[in-house]
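Two complexes come next, and they have one chain in common, chain A, joined by chain B in the first and chain C in the second.
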Partner chain A sequence: MRNQTVESNFIVKGMRQRRRRWIFVTSLLSILVVILCGGMLLLGNTIYPVDVVIRTLMGEDIAGANFAINTIRLPRMITGLFAGFAFGVAGYIFQTMLRNPLANPNILGITSGSSVAAVFCIIVLHTSNTVVSIAAVVGGLITVIVMYLLSRGRSFSIGRLIIIGIGMQAMLDAVISYLILKSAQQDIAVALRWLSGSLNGSKMSEVLPLILIVVVFTPILLALGKQLNMLELGEQMATSLGIATDKLRITLIVSAVFIIAIATATTGPIAFVSFLAGPIANRLVGASASNILPAGLVGANLVLFADLIGQFAFEYRFPVGVITGLLGAPYLIYLLIRMNRKGEL
Partner chain B sequence: MIKLKNNQYNSKKKKLDLHVPKYFPLILTIGFILLIVTIIASLVLGARVVSFQELMDGLFYQNQDSYGANVVQKRISRTIFSLCCGVALGVAGVLMQTVTRNPLADPSILGVNTGAALFVVVGISFFNITTASQYIWLALIGAAVTAVFVFGIGSMGRGGATPIKLVLAGAATTAALSSLVTAIMIPSQYAMDQFRYWQVGSVGSGSWDSILLFIPFLLMGVLIAFVSAPALNALALGDDVASGLGVRPGVLRVFAICAGVILCGVTTALAGPIGFIGLLATHAMRLVIGPDLRFLIPMSALAGAIILTISDVFGRLLGSPGELEVGIVTAFIGAPILILLAKRSKVRSL
Partner chain C sequence: MSNTHVFRAERLVSGYDHKTIIHGIDLEIPQNKISVIIGANGSGKSTLLKTMAKLIKPTEGDVTLDGKAINKYPPKELARMLGLLPQSPVVPDGITVADLVGRGRFPHQSLFSGWSKQDYEAVEEAMAFMNITAFANHDIDELSGGQRQRVWIAMALAQQTDILLLDEPTTFLDITYQVEILDLLTNLNRRYGTTIVMVLHDINLSARYADHIFAVKEGKLIAEGKPTEVLTSDLVKTVFDLNCVVIPDPISDTPLVIPKGRYHVKDGDN
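Presenting the complex of A and B:
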């Protein structure tokens, strides 16, 4: 009897500890995001003092600063913030659901599916932003359905799914290259964004769909976070804990695809953010917690940080996707080596 | 006595059957007919379709002034170049699949092409290397380093180099290297203009000069492949059996991989990364004539040449008045094959 109480005390204590760590890490990440956002607004060809930036944001008209901050830096910052958050959340959901850090929307070809649809709308149909966003979502969903149909069969294996994903990606990327090649000269600059992902030329009007989708879907996903963790325990365990696994999976996939497709339509596929955010968040908080929010924050931090580096660290301004690619690729290889050693593949 | 003779006769016959695949002459004939059709198509079709008269003029009279004849003469070098690339990639595919005993091995999937591209881009941007004869060596080093790296990662852990591990190592390495390539190319307008085709491979740059550069490497690689084919057949039975038959597995592997790396490295240096040809050619031919490498290697070479050249013709037709790089076309044809292979292979081997 006494033993039991002691044991349950330990469990409660552990839970409290984990909870405290979660809160600590999350607030730290939030503070970092705020600092990076400030950096995005302050830094540039001209560095404005803090009070000028704040007065400009409040609506005061200061010659020069007004244009630089409200028209260029603010949309860029907001786009980076929301896109990074979206990539992080969606990546985390796929990785957790499929129980494999390699299973992220990039490798599974979902991002490429969205990109194809978006590039097609922009270059061939010359449609408005709303249509581009819708097309990106549809493209992502179609890719998911095709992947599901292809990987279905007698026995499901994550390895098979990933190889099929690599094949899909190769094909879809070929389509993107074809579309870009056939496009008119003036569209190429816009279209090139879909090869590496960039925050250049972000406009307030283009960010609105992204903000809307992220604001709508994040609470849904956060509410499902606990169930997602139970899903990670395995199909049978989750079912016996009273979860309708199929329904949950579909809801999670559709929400994640919505989020990542919109982000892709806005910035292009920013390499590796969806892949990096989940493992980093898990490392910081501990894998047992529901890390959707921390993963999103890590994603936002990554994108903002990489964009600052890309803009100011070198003589030449690199698009953010190149920087995240350089940061993320070694980590991918490291992860692969570790998984091979442990025999997880 | 008679019985014994009969037996001997039977076993001999059986052996012969093993040696020459069924319908081999027929398949070879069809292959050559296809090859000729492909070559003619490559000479005739394109943004401008030439007439028969112009084709003949261009082929057989050197000093013809007609526009069509000139077009044909330009296309001759392109066609020969793409045939060379196809042969190289087809043979490289067979070698890599055999040595790694891995149905998904292909220079593009294993990231070897991207490694070659990275070294060349570095050479151009930082060391002012300008001539093809110089950066061919860079491409070879890059391809070799990448091959070693990918095989190293892929064969770590239990079970050695399983297909899934190798493919993932290749995909990760490709992703890493291509972000490096982009990062180097973006600031340098010159490198970007000169070598944009390294994002997608193209045979459009094929000239007599590049063919001349290509030939020695091509001959060397193909020769090694042909010579080592019987030994590689023994290797396919397993290392123990191979050593029993007098083959040294380690040495043989190194030789075969070297040949594969030379072939795909040089192709990448001259044409850029062209994917999936090795995968397509080898699997198609294995379906038709079986796994005997003494036949599979030459037939894959033939199939690679046909597939690459036909893809280039399609690219020219689809992309006219410009052209669609052949790397895009082959990715589009080849990726479904990869998916199909992944679907059909057993889970255990993945």
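Presenting the complex of A and C:
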């Protein structure tokens, strides 16, 4: 009996320990985000001291600093923070739901679908930001629906879905290139962002829809986190644990497409963030609980970190998407090789 | 007993995408007993179990629990009474044994509730019962097939349902582990009175461990009852199209099916 109690304690202890690890790592990621946000405000052509930055943010008018910080650096930082978070969360949801790290909005072409719609609105129709955002969401949802219809065969196969997604992505990216080549000289600077994603020229007015969508959808998705964990055990197990699987899947897909489409409409498709964030979060935190929040934080960290590198590490300034692309591509190759060996492709 | 439920299939017709597999089955699961569904490959035994577990929606008729169709219950409420262990559940990457067993507590938890004392106790009890406490903090990938199956059953136990359905829980396991799993399920039935319904491939283990047998052929129920009463060479011929003799099992006195093939038959016996 005594022995039993000792053994039991060690089960609960282990479970609590893993929960504490989750809290610890998530806090650490949050602190790191705050530090990187600080870096985004402090660093630039002129490096301002912390007190100047804070006074400027509080509304004090300090010559020079005011423009650099409030008009350039702050919108850039907020855009990177929210877009990175959105990419991370949406990527994690797709990867977990489809139980495959390759199944993320980036590789499946959902971000490309949003990009095509946004580029078309900007370059051809010259519409307002609101219309661009709505078009991006519609473009993302249409891509998901087309992909679903094409990959429906006798039975659902994740491999088929991924291959169709990669094909769609290539096709949609070709459309983006075509639209950019046809665009007027003065639009090219704006349009180029759609090739790899960039935080250049972020404006406060343009980031508002993104903030709104992230703030609205994040609590919904966090509340569904536990159910998503059950879905991971397979359709049958999830059903027997009391999950309405069809309803859950539609809610998750629509919410994830919404946040990633708006993020894409704001920054362009920042390469590989939605692909990298989930696996990194899982590696850091473990699989004991839902990792939606850690994945979002990893996404934000990645974008902010990559943007700082892109701005200051080289002689030339690179857009953030080039840096995340450099980070993500080797991981993609590694993953493909590993999955091929295990026969999962 | 408080955990008795009237669990029935009523004029049940079901299948996949317009292909009807179950052609009108009426049955009632004996309460607090172990029932085994037997039948040849493609007979519909697994489809029957899946329909009773709400994984397949019946095209006609109903599966009812205490007089109410199972799809009329709120999903979580049903999941506290009726559990299922599918044939091939998916193991999430990098999960530990205790955390996986803990997922069985989902139907007992609300949206924002953390882990209650009952939740932890249920996990401990289930793991002790399945004798996997020692692996609690191991990654599930480190376990053998037999150990893994015990983990899945522990997860279903942590769900604390009064009825547990299992789809071929012993397939892919060595004979030693098959017997071990069936012994553990019998323990479960005797200790808590859990009603168990399972599909098994091995007819002799079915005959030994079942209190009640349902024999299915071409989507119809053709016989049911105690193994000693229904399991005859005629039934085996009808259900499996196999010539055999049935003798008493020297260990348990339950029916033991000895197949007759074309070869290796003693002279004069054919």
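Points worth noting:
Please note the rule applied: the second predicted complex is superposed on the first by the 333 of 345 C-alpha atoms of A that agree within 3 Å, B and C clash if a C-alpha of one lies under 4 Å from a C-alpha of the other, contacts with A are read in each partner's own complex, and residues count from 1 in each chain.
Simple rule for what comes next: a residue touches a chain if its C-beta (ideal position, glycine included) is under 8 Å from a C-beta of that chain, and two chains touch if they have at least 3 such contacts.
Because the structure is predicted, anything quoted here is derived from the model rather than measured.
Which of chain B and chain C touches more residues of chain A: that partner is B. In the overlay built on the shared chain, the residue A:337 is in contact with chain B alone; chain C does not reach it.
In the superposed model, A:59 lies in contact with neither chain B nor chain C.
Of the two partner chains, chain B is the only one touched by A:163; chain C is not.
Of the two partner chains, chain B is the only one that A:315 touches; chain C does not reach it. Within the superposed three-chain model, A:236 lies in touch with chain C and out of touch with chain B [touch as defined at top]. When the two complexes are laid over each other on chain A, chain A has no residue in contact with both chain B and chain C. Residues of chain B touching chain A in their complex: 104, 109, 153-154, 156-159, 162-165, 167-169, 171-173, 175-180, 182-183, 186-187, 199-200, 275-276, 319, 322, 324-325, 327-329, 331-332, 334-336, 338-339, 342-343, 347, 350. By the touch criterion stated above, chain A contacts chain C in their complex at residues 4, 7-8, 10-12, 14-15, 18, 99, 223, 226, 229-230, 232-237, 239-244, 282, 286-288.
Across the complex, chain B is touched by residues 102, 107, 150-151, 153, 155, 157, 159-160, 162-164, 166-168, 170-171, 173-175, 177-178, 181-182, 195-196, 271-272, 314-316, 318-319, 321-322, 325-326, 329-330, 332-333, 336-337, 339-343, 345 of chain A. Interface residues of chain C, counted against chain A in their complex, comprise 50, 53-55, 75-80, 82-86, 88-90, 92-96, 98-99, 102-104, 106-107, 109, 111-112, 115, 120, 123-124, 127-128, 133-134, 136-137, 159, 165.
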